[in-house]
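Worksheet: one structure, shown below.
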Amino acid sequence: MFIARVIGSVVSTKKDEVMRGRKLLVLRPLLVDEQDPAQFKSGQNTIVAVDALDAGTGDLVLFCQDSSARHAAGMKALPIDAAVIGLVDTVEIQGHRLA
Amino acid sequence: MFIARVIGSVVSTKKDEVMRGRKLLVLRPLLVDEQDPAQFKSGQNTIVAVDALDAGTGDLVLFCQDSSARHAAGMKALPIDAAVIGLVDTVEIQGHRLA
Amino acid sequence: MFIARVIGSVVSTKKDEVMRGRKLLVLRPLLVDEQDPAQFKSGQNTIVAVDALDAGTGDLVLFCQDSSARHAAGMKALPIDAAVIGLVDTVEIQGHRLA
Amino acid sequence: MFIARVIGSVVSTKKDEVMRGRKLLVLRPLLVDEQDPAQFKSGQNTIVAVDALDAGTGDLVLFCQDSSARHAAGMKALPIDAAVIGLVDTVEIQGHRLA
Amino acid sequence: MFIARVIGSVVSTKKDEVMRGRKLLVLRPLLVDEQDPAQFKSGQNTIVAVDALDAGTGDLVLFCQDSSARHAAGMKALPIDAAVIGLVDTVEIQGHRLA
């Protein structure tokens, strides 16, 4: 999984039928900076993930990818390759608290 | 999933039998620019995806990858690793509307 | 999927039993150049894919990856993560014909 | 699989129900330096993996990704794409012992 | 699949039970150099793969990744995402013999 910040959302009207009613969030992955493990650095790729945990812009979340996304609650058999599986409370790296 | 712009199409006559009649689109993924979240930047890799939503060149779409592509409507058991699952109406990033 | 040029082949005698008799091609993925959409640029990674469509060096092909490769005709249950699924006739990008 | 150093942990209270009680570690992958095969260099991406082997910060571990993570002991059907599958005792590269 | 050189091995005592007795090799992927197709260049990522073909340091092998690894002989249901599936005898690229 990766830690990510929710930065926005996508609206799609014409879509695969089973996707109706699904909330689509845009995520920016956050990686631990190697030079300074007390802070995150941003990943380059922004990813669209399905969310069923009521996350919103600005929230820190955990998401999984590929076939694992279809194992998130209520997402069986969806044509999705990314899903939010948790809201992040705290991240501790070598004694530093990043979130 | 990733957001992408449809930039073209592929024609293949000699192919796996189950692929007959499938429309193949060439997609350029679009990522949210970190410096300027009000616009997209282009991804480097162009991807060929199967489309069943009648998307055309210039359209903004959402596509999924790997085994998830086989969960798109009517694509079960196809040897495909990318499928268009929605046409994008709007993308909102931190108050900016990118599409 | 990705478009690729067949650039060579691999011979392996000592191998997983179920791989006996399978043709292994070396592929160089081709991406659409963003600066000049009228031509391809080469990908960095060269990939070994199983071929059942009689492709040869110099051919332009379409290949799929990961679990999808096992859905190509006659490849069920093989320990493979890449398979040629079509020979490419034409690629059209924004009015340009690249192949 | 990749070798990685455990660098921290993540706490998530609001999460997918089946994830309750799972320990989430932050890993930094380690790659063998090509210039000097007697030492590791750090990977750029930090990954969150589920651990059931009681690993802690500073430990060297082996982790697997994607659908394989769901084949680790007790992790069937979890929405996870990374799991610790072993603690690393030694790594030997061309006569050098890196760990 | 990718071609790789076996560069070392990993020993892990405390591990997922089903991994007991499995040989773990460290591989460096080899890619065909685009400037000079008569030679390989080394990939950056070193990967740990399970081997059941008795490969050793210095050998040139073919390995597969992700769920496909679990389709290698005797590896069903293992929590692994990389497996050696063949020893490479020869690689021919555009008339050049690289191995």
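By written order: A, B, C, D and E. Residues from 1 in each chain.
The criterion applied here is as follows: a contact is a pair of C-beta atoms (placed from the backbone, for glycine too) under 8 Å apart; a residue touches a chain by one contact, two chains touch by 3 or more.
Since this is a predicted model, take the numbers as computed values, not measurements.
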Same or different: at the subunit D/subunit E interface, is the fraction of residue numbers used by both copies above or below half? different
Approximate Å spacing (C-alpha centroids) for the pair subunit C, subunit D: 31
Nearest whole angstrom, what separates the Cα centre of subunit C from the Cα centre of subunit E? 19
Two-or-more-chain contact residues of subunit B, please, as numbers and ranges. 66-67, 69
Please categorise the chain-chain contact pattern as a line, ring, star, complete graph or other. ring
Just walk me round the ring: subunit D, then subunit E, then whatever comes after, in order. D, E, C, B, A
Listed in rising order, the residues of subunit A that touch subunit B in the complex are 7-19, 24, 26, 28, 42, 44-49, 57, 66-67, 69-70, 77-82
In the complex, the residues of subunit B that touch subunit A are 1-3, 31-32, 34, 37, 43, 53, 62, 64-69, 71-73, 75, 83, 85-94
